[in-house]
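Several structures are given next for inspection.
One chain, subunit A, appears in both complexes that follow, with subunit B as partner in the first and subunit C in the second.
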Partner chain A sequence: MFKLNRVFKKPRYLTIQQNNSQPAPTEIEGQGEKSVLPAIPNGLWTKCPNCGETVYTKDLSNNNKVCVRCGYHFRMGAWERVDLIMDTGTFKEIYQDMKSVNPLDFEGYAEKIRTGQEKTALSEAVLTGYGKIHGQDAVITVMDSNFMMGSMGSVVGEKVARAFEFAAERKMPIIAFTASGGARMQEGMFSLMQMAKTSAAVGRHSRQGGLYIAVLTDPTTGGVTASFPMLGDIILAEPDALIGFAGKRVIQQTIRQELPEGFQKAEFLLEHGFIDKIVAREDLKLTLSRLIKLHYRR
Partner chain B sequence: MFKKILIANRGEIAVRIIRACREIGVATVAVYSEADRNSLHVDLADETVCIGPARARDSYLNTKNIISATVLTGAEAIHPGFGFLAENSKFAEMCKACHIAFIGPDPEVIEMMGNKAKARQIMGQAGVPIVPGIEGVLANFKQAEASAERIGYPIMLKASAGGGGKGIRIVWSRDELKKAYDMAKKEAQAAFDDDSMYLEKYLVEPRHIEFQILADHYGNVIHLGERDCSIQRRNQKVIEEAPSTVLSDELRWKMGDTAVRAAQAVGYKSAGTIEFLVDNNGGYYFMEMNTRIQVEHPVTELVTGIDIVKEQLKIASGEQLNIRQDDVHIQGHAIECRINAENPALGFRPSPGKVNILLWPGGNGIRLDSALYSGYDIPPTYDSMIAKLITHGQDRNEAISKMRRALDEFIIEGIDTNIEFLFQILNNPKFRSAEIDTSFIAKEFDYGA
Partner chain C sequence: MLEREKELAELNNKLSDLRKLAEDKQADFSSEIEGLEEKLTRMKEEAFSNLTAMDKLTLSRMVERPTTLDYIERIFHSFIELHGDRMYRDDPCIVGGVARLGDLPVTVIGQQKGRNIKENVKRNFGMTNPEGYRKALRLMKQAEKFHRPVICFIDTPGADPGIGAEERGQGEAIARNLMEMASLRTPVISIVLGEGGSGGALALSIADEIWMLEHSIYSILSPEGFASILWKDSSRAKEAAQIMKITAQDLQQMGLIDKVLPEPMGGAHHDPEAMAALIKEHLLKVPFRTMLGQLDDVLERRYQKYRRIGAYTES
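== the complex of A and B ==
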């Protein structure tokens, strides 16, 4: 039986270049115009850490940075979160002029702040402001893990505290989106004090009858968890978010026991009564708006 | 001209493109799914890359793998053929981002024309006659009802994201509307993941006449005459021919001019087709624009002597069109029959399998575009078209007689084909006297419905 196999040519195998760096665009002569050799630009596709699927980055952005295959919630920058939650054009930033200083003269700190600012288009690790959610007024604070891992230093603490005071003054609800590795070590005790300050601000806002909703996102850990996020009247979390205080390994070594499956994930916390509800990103705006509606009568 | 291109398709169109490339010295990269390992297009190409398992979604629609294959082999351009990713604006955008020349129009144009409702709107604004219908898509059933009353029955419900005959319902009267509306929406959602519908007047027994366009990147646009594709079964073409018997020279000139204007209105580039519906009063209406090379392109190639695939390659590599409208002459008459691996007697059920015996027809004025070879195992995973038989004669009668003679010589054993059905069409008196319109098959054949 005739089998068409390599009738017209000999087999040749593809060779793959060993060097992994992004090749500089190679110019080739064309019809009098220079053209560039095809190359896939970095960031055109994103690999999902959960299912391993390579997703077209634009598809990911259009899906609120949730993996189109498995629903894994990628981390969101502060401005992206604002676009998701606030009604278009209603958001006004406040306290953006607060600048961090280096009270302990920690080496390399100033450099890290600059890098964070470039990466996030924010002046510090938290964005504070107010706007409308489905037409209802609300103050929001959004932490950005791309800025020094969302760590809380003096400016972050001060901005958060002032945001609560702002909300209390104007009798507006406040929503805090958290993402943090904990207190900022470069500021030592000043950072730890922010835990107390922010908690106190939450208390004052609450005594005036204000609604405070905390939305814990991946990751929310350390000194931040042990302060204002866990003080929400209602505590929501994104699916699969890592939420904890001490690190998993530290705990394991301290108690010398194996930790249960899913420890420190949002689902685990829900089961154990630490949070009120897990809300998928696509439902988040509607959920927040309904909660505000229930608590605030016109 | 490109040094190397990748063909993101399979079957006869992949073979067609590879052949054109070989003739002008362009190296070719073929991609194939695991089911197509022994395909002709794989063997003809200079380099090949396997891009996934049989299922189209994992292979021929796998943008990531195709782009990777292009970059790895150093191909400068991708020819998407027809179907698969040919009208996928997202894919065209990816190519652009990776500096790969997409042999076709710009992503924005693909997107615009891919949305049938929007395309109608844009054409209407450009002064191209459109079938009376609504603007945009139907918001709800109430609007459908009201619009249908206004336009007058019979009307046609069409899926905005549609193609290939799906998501279309003809409604003759008011009481049929609700059911048709619900069913069409359901079908559209399943086939295209988009259930938006629009509505137009249903032209009773129109002819489907399309014009071939060539446009370069410098704003030069010409048309290569028309093709009459009225012989359709369930909105899928079976036989195509050029020129059309119903167009007077004047009407041809007018419609061609309209087609060029339509292409210019959207800044079109490469090869494309403007589809019109023509009623029996010489009225013509824009139906849709296909932003790709089409299955039936050989018909135009034979009557004009212009190689459309080569022109696409030239245009995409930045050359100016060197054919002027005055240079385009229609010589003789060409007819194409689509040979499918299907059994008409069993509801046109697909009939994949091994082709044991294969005898190609030949002779003066016979062209065959196919990826078949003796002993080839036709995979069941893809569409059933296995060959295109095109004849060219001095006039329509000669083209028909050549087609009958060629079909008679055509021997394929091991699978069922629609050749017998094609014979019946060719022998049909109405077909021979060119009294045909889009209702032809449904009316003349029992199993045509």
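== the complex of A and C ==
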């Protein structure tokens, strides 16, 4: 006999994870029952926030995390960026042993750091190192927005300053990939002063004749924007990246108006004269290598 | 006005009434009057030695608090105000120009708040636009050329957060000042008069020494903003202010600023003359002429001053 209770059973839905963090097993309820579905490893499918299409995550990875349908540039982790830009096997990490402390004794800060470390396989929100780009030496710093929104605290500031000093010492060009929500609030004035420290280090490298290319990625905001990212000799940006100083909400609350379309996007900055070029991710490595070659005769 | 100031004002009124009564009635209330006077002095001392971070924030934002112009006219002479960034506009929030400190020519630059609503609108409530930072930089480069020390007065709730500011590159303007000031070949002293609002203040405070007035504050963002971002509740600003370590005392203790200048009892607004005189006294002690003759050393020390700031460990 036909089991009608099956027909009228409430449908159980599966939630598609939208980012690449390991999802917990999904608990779902239906008709008072609770059961646990196995976690789908690492998000088999990813939904594009721009065009809304659900794409096979593997396709996305193979396309440098750019949506195969609409070209939307997903945020990249630091190690993924290294794979994209540096010649295979040439990257050497430096200054990885620095650990943040809690100067204001801020509750929950240590935990946030641990979470960031787990999510990114980094000890802090910026990865520093050197290697080759199409055979040419370069120092790179890569921020990772998965680590406390890429916020800049003492360690990030110190690593960035050291990277510039390293590049100055070895007469190498430096490329800074930026992604940050701003200065790290939990470290208070220590974070604010990192803006000064990093900008001063940029100045020293610059006066020595060194090339500094800044690559602004989504998002680059707040106190970080008002420091080393805006000081590149050449400033590149990824398409549609959010780049600005004041936060959207703050501006909206201050002026009590809607913000114009495209405000604080890379295209907006290009139009207003603050970046040199918008470079699609697939062209980034080649663009960087050509720029380095132009500046550093082999 | 701070709560305590209200209480003190009430007590002061009582004292005046008592004095007047004594005069009218030709009576002797001298012991009562003395008693009240003593009480008043004790209350004042107690009140103003125990200010919380929130109290100081309130003090630093008071419209009565003396401004850049109040100090310029009392500390320097022969001040000639200069204007414009030579690119776009003259930002009225930044006051700058040439002057003499004693007989030493200097460049003075400061953020100016208004003393009433109309002035505040003109001065944009102390919120500097990119053209203001560029004006400051222009004047600093000029000072460098003519071997004049630079003195910066800081007093801002933060850099202007507007569409125009973003269009004109607020981030770039601040960043550029940070970088250029770090290697400016002339001595620089920065003094926080009231509010040191984050990046908007930092852009004028890359200096050989940072001084703060006793009740001034310097923060990465406002306690209201901090509370609203971290606790989704901006009314917890008082708590935030305490945790954030924004007072002059906190910052000196953490080695982030160099000197705290004591204020007259109750705050600088009670005696701007005395406050100005104290600032001038300290400025006159700075060995500007010697520094001008040792700029390489000065610059190295300035670089290290910011270079060594950071809380971290390394294995």
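A few points about this structure:
Please note the rule applied: the second predicted complex is superposed on the first by the 253 of 298 C-alpha atoms of A that agree within 3 Å, B and C clash if a C-alpha of one lies under 4 Å from a C-alpha of the other, contacts with A are read in each partner's own complex, and residues count from 1 in each chain.
Assume contacts are C-beta pairs under 8 Å (C-beta built on N, C-alpha and C of every residue); 3 or more make two chains touch, one makes a residue touch a chain.
What you see is a predicted model; the values in this text were computed from it and never measured.
When subunit B and subunit C are set side by side, the one touching more residues of subunit A is C.
Contacts of A:Leu192 after superposition: subunit C is touched, whereas subunit B is not reached.
Touch criterion met: A:Ile251 reaches subunit C, while subunit B stays clear of it. Of the two partner chains placed by the overlay, only subunit B lies in contact with A:Leu44; subunit C stays clear of it.
In the superposition on chain A, A:Thr88 makes contact with neither subunit B nor subunit C. Looking at the shared chain after the overlay, A:Thr54 reaches subunit B, while subunit C stays out of its contact range.
In the superposition on chain A, none of the residues of subunit A is touched both by subunit B in one structure and by subunit C in the other.
Here subunit A touches subunit C in the complex through residues 97-104, 106, 154-155, 157-158, 161, 183, 185, 187-197, 199-204, 206-207, 223, 225-231, 243-247, 250-251, 254-255, 259-260, 263-264, 272-274, going by the rule given at the top. Those residues of subunit C that touch subunit A in the shared complex are 159, 161-163, 165-172, 174-176, 178-180, 182-183, 198-199, 202-203, 206, 218-221, 225-226, 229-230, 243-246, 251, 254, 256, 303, 306-307, 309-315.
On subunit B, the positions that touch subunit A within their shared complex are 38, 40, 43-44, 46-47, 49, 63-64, 67-68, 70-76, 90, 93-94, 97-100, 317-319, 373-376. Contact residues on subunit A toward subunit B in their complex (touch as defined above): 1-9, 12, 14, 16, 25, 28, 30-31, 33, 35-41, 44-45, 54, 56, 58-59.
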